Amino acid sequence: MIELPSERPLDLDRADPEREIRVRAEAFRNWGRWGDDDRLGTLNFIDDAARARAASLVRTGEVVSLAQSFDTDGPQRGWRRRTNPVHTMTDTGVEAQYIGQGFPHGFGGADDVISMPLQCSTQWDGLGHIFDHGMAWNGRPAGEVVTSEGDLVTGIEHAAASVVGRGVLLDVGRHLRPDTGELEDGYAITAGDLDATIEAQGARSAVGRGDVLLIRTGQYARTRRNGWGEYAGGAAPGLSLTTAGWLHRREIAAVATDTWGFEVRPNEFDAAAFQPLHQVVIPNMGLTIGEMWNLDELAVRCAHVGRFEFLLSAPPLPITGAVGSPINPIAVL
Amino acid sequence: MIELPSERPLDLDRADPEREIRVRAEAFRNWGRWGDDDRLGTLNFIDDAARARAASLVRTGEVVSLAQSFDTDGPQRGWRRRTNPVHTMTDTGVEAQYIGQGFPHGFGGADDVISMPLQCSTQWDGLGHIFDHGMAWNGRPAGEVVTSEGDLVTGIEHAAASVVGRGVLLDVGRHLRPDTGELEDGYAITAGDLDATIEAQGARSAVGRGDVLLIRTGQYARTRRNGWGEYAGGAAPGLSLTTAGWLHRREIAAVATDTWGFEVRPNEFDAAAFQPLHQVVIPNMGLTIGEMWNLDELAVRCAHVGRFEFLLSAPPLPITGAVGSPINPIAVL
Amino acid sequence: MIELPSERPLDLDRADPEREIRVRAEAFRNWGRWGDDDRLGTLNFIDDAARARAASLVRTGEVVSLAQSFDTDGPQRGWRRRTNPVHTMTDTGVEAQYIGQGFPHGFGGADDVISMPLQCSTQWDGLGHIFDHGMAWNGRPAGEVVTSEGDLVTGIEHAAASVVGRGVLLDVGRHLRPDTGELEDGYAITAGDLDATIEAQGARSAVGRGDVLLIRTGQYARTRRNGWGEYAGGAAPGLSLTTAGWLHRREIAAVATDTWGFEVRPNEFDAAAFQPLHQVVIPNMGLTIGEMWNLDELAVRCAHVGRFEFLLSAPPLPITGAVGSPINPIAVL
Amino acid sequence: MIELPSERPLDLDRADPEREIRVRAEAFRNWGRWGDDDRLGTLNFIDDAARARAASLVRTGEVVSLAQSFDTDGPQRGWRRRTNPVHTMTDTGVEAQYIGQGFPHGFGGADDVISMPLQCSTQWDGLGHIFDHGMAWNGRPAGEVVTSEGDLVTGIEHAAASVVGRGVLLDVGRHLRPDTGELEDGYAITAGDLDATIEAQGARSAVGRGDVLLIRTGQYARTRRNGWGEYAGGAAPGLSLTTAGWLHRREIAAVATDTWGFEVRPNEFDAAAFQPLHQVVIPNMGLTIGEMWNLDELAVRCAHVGRFEFLLSAPPLPITGAVGSPINPIAVL
């Protein structure tokens, strides 16, 4: 029997990241759960019946886009060569109007191109995005999965028809900080915080198998007011490593936050650590993670109608071999 | 009173493209219909009630992705500087496994970037994509709308929360060519063909206000079997210019095909012409057009269950100022 | 007779940029000087004989590269969508060594791609880079020269065989600030400063017809020591607008500095102004300007040997239609 | 004592590529020749004295650019994700003239960006471009040299001040095919062909230590007349594998041709082989190779003046970590 790590809030040995990561990686590992050939991980928890139920949640038909903008005014600072998108025009209306473009009969057109990191703005992390001790999702050696040609096994194109289902918003920022709605940078959200938010929002906010969990910290609202600052990689509120078991037991399909990095930053160890919760949940649990979502308008709408569940549609672009995808997630209320 | 152009099949004066385009542009122009500030055109036909009804169409919860792949094996040949996407990795699993990446405690990662035209694969044309005699959607001078900084007025980000609603597939290829399911290149689909397909598929395939109409020609299936050939810009089946009125009267929100260019190619004039139906419906009617959709699996599933209507979710990526967007449209059956 | 503007140091009416720019634009305009079809401007001053003389300057054969690096650690901050270069690998040695690449007989390879603004690092400004009241070099309407397809007339490819000649370094930073070798940000270099530097360096530092003049301010050395700060677009030492006549009378072929913007910043007017010396010398004089050159090692070598003239080879990449080019300028001593 | 492979023309065992490659790799290996830390290989053969002598070759001062164009009309077809360059404008003269750009006092500007493989047009192969059985130049394991971050050891930036010296053109196409000046595709140039061309051109065409050897096959002229066809990777004239020893003994610094791939294609083996001469000369000999040079105008000029030697300046762009560089090589006659 596997000894599950404690889940008392923040009960971590801050001096021993190796062990804290390892025990969770082993305890919450889903390798083989969906067969040796699996490419989807916890997205398998969403089945057709779950999607049909999710569609039945729609009441008013109101749609909210959960995407941040894709443009040069984004938060990226160059870390890991991540820039903001560079969007340029190859034809313009100015030319159609003033000088003509060589088309007959008054036809005119504009066209455009983009260069961008796939994780520059609102995104899904693919299963090939993170490794644990050289191993990728489902126990595959990382070098057999992601080469310079891309993710040859779990490329995000395999999830093209997957991420549609029941979404649940937990507005932890509003619950814990009712005055501002914003958790402070460095705040580690615990399993207890998640449970308390559910309790406050009502039983219909409980999350279970196949759900897509959206966690609002409020940091995005703060950066929109104050400027990006260190949004990309700096201090931020986010999930504690100690929530790994909670996420595992709920059998959620995917989880997303309004922050750059999903988990709390700085990470919860004295010694150097880097995104330990990613290391546990992506390659081991097979959990799909969303980052840089805009949950502010959704939070307002959900609070207004008193319901925090909805139909969520957030399929990735099927970029062959990608380890992430820009997305425009849609909530239908 | 405006004299409506004839809509008898292919009743065009092939020698007078100027007039044939102009009369339709004037007859089916929606400028001002949604106010002077409108940025959405016919997408306004989708309202919350329409989306709620669309959600209620979901039966089995089966999801079909309507996207083609985004990779270097796509059809682009360089016309208007449109290349296939170039996707490259900035970190790989090979390195995580064999040489390490400088992260602590066994953490490893892969990251990636992309360069691509926004209309390289499955896409929406934004309202700023096409102009008519120097005028953009809603009667705005093209030069005030799309500059080298992008579409300053009708950028596709404004449609971020719009394109979710009832989708209807008209499998014209299957109806007209029951043996192959594929229309031949150069075949001009008429209003009569659309009506006949609806009649054959049944009354639930009728399209009306706020619907998103998907028209399958079968050309994509042919190119997948035989190679891309001239898929990007060459001869193709597609809508006749004479369908403009049919599209207008149905008050559809958007329309998409499985071809590169939506309308029949070569275009239906003896003299040089270029995408005359685009010229009528985008800047004048305000119709959002989808191209390069993969409708083959959807056609199989719809035929199997005998229903050709479904919940369609196809929001664009909110790329600020873009005149088009790569998309992964999702049908939920 | 044209009234030449005063060239007393900094004798500008800081409240009247329009006039100060206009009188210089008119006084130093070279339109038509090399015929109506000219595409080279002052690069015409370099002829074969000048290049032969320049080659004869070579003594030791020592080569100094005058390029800054091209990488993500550069100074760009996103202004005008100018990012630092993003260089990515499409194949790597790690894969050749550890997993193989599918080539026979032990062959392995690495390949790479880049996305970058053409003026992200060491560069030439092409003649189509700047306009004056809608007019481009040689009196052409700007809209007939540079469209979204690029510079159709004076694209930098036309200078592919031009920029080889005598280079002269004026180390103004060292002359005026012998202790640090660095002018302070905002310092406006005058014609008198240039003359004084020549006098200090010796008669062989005089510049004349067809020479390429390199002016070292020392700002680049400071940023390399202290961090880029606002190197890209912030305060900087540079040429005063009042040097326009000096540059014109010398009949130099081109001029370059070690700063982002060539001329002093903030610009020398109380009211808003933007790069007025560019506006005078590029579209009017036809002068090719280099920016972001690394002149520090060259300055050391020149001082060491007591000669500040050399063979300079700095041809642009012939990117069709470009209004600028990344370069690696070479001085042969 | 190493047994040198035979150099009788085309004396290869076409059935044994492994052996033919290995014996040459071992025989002509320069590992350690310039110390364990070397990053330049045969570029070390160019010293200051050689450059001073090269400069003294200049007679008329005429300059010839040896670059092909960099634009979308290039030969790339997508192999290894190599596309032609995509150059786009971020500002245009059309806007400066017709609608203004928000700058004061009549200032206007145009700016541009590019996305391109570093080996899309005229280029140097860096020393990290090719590996032999997992080993890179100077005996380093390939995985320690080129990662997804680029070439960490022999990145082309280290050659920024190197490639200036004596150039010698051997117009083999003209010598062997005096009527057309063009070798047929698949023609393997032998050491004897090189010697015969030198003899025909005269003693001043002999090549030796530190020279940069330019070999014209004439294929580029043919493709410019007939269309690119399979220029990128198809059949082509080029050097025979049997020239490896000739190249080694001459102690040249670098070599370039007017073809896509430098060596003859198809390669000279019955069994599958891929660029065996690259495999011998880049990682083993440390030879810098140039490809896709335009040698046609240079050939005309050299023939006209009866001299085939000149000052060559072809420094790479110092793109940090690049395994190749776009270049505009310049010959000064």
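Here the chain labels run A, B, C and D in written order, and each chain numbers its own residues starting at 1.
The working rule: contacts are C-beta pairs under 8 Å (C-beta built on N, C-alpha and C of every residue); 3 or more make two chains touch, one makes a residue touch a chain.
Values in this document were obtained by computation on a predicted structure and should not be read as measured data.
Matching C-D against the pairs in A-B, A-D or B-D identifies A-B as its interface repeat (over half of contact pairs the same by residue number). In terms of C-beta pairs in contact, A-C outnumbers the other of B-C and A-C. By the residue-number overlap criterion, the interface of chain A with chain B counts as same, with over half of its numbers used by both chains.
For the pair chain B and chain C, the distance between C-alpha centroids works out to 46 Å.
Separation between the centroids of chain A and chain B, computed from CA atoms only, is 28 Å. Chain A and chain C, compared by their mean Cα positions, are separated by 45 Å.
Counting partners per residue, chain B has 81, 86-92, 94-95, 97-99, 113, 115, 143-144, 147-149 as the residues that reach two or more other chains.
Residue ranges on chain C touching chain B, taken from their complex, read 86, 88-90, 92, 94-95, 97-99, 113, 115, 148. Every residue of chain B that touches chain A in the complex is listed here, in rising order: 17-18, 21, 47-56, 58-65, 67-71, 73, 80-82, 85, 87-94, 96-98, 103-119, 128-134, 136, 141-151, 157, 160-162, 164, 271-276, 278-279, 311, 313, 315-324, 326-328, 330, 332. Of all residues in chain A, those touching chain C in their complex are 72-73, 78, 81, 83-84, 86-92, 95, 98-99, 115, 143-144, 147-149.
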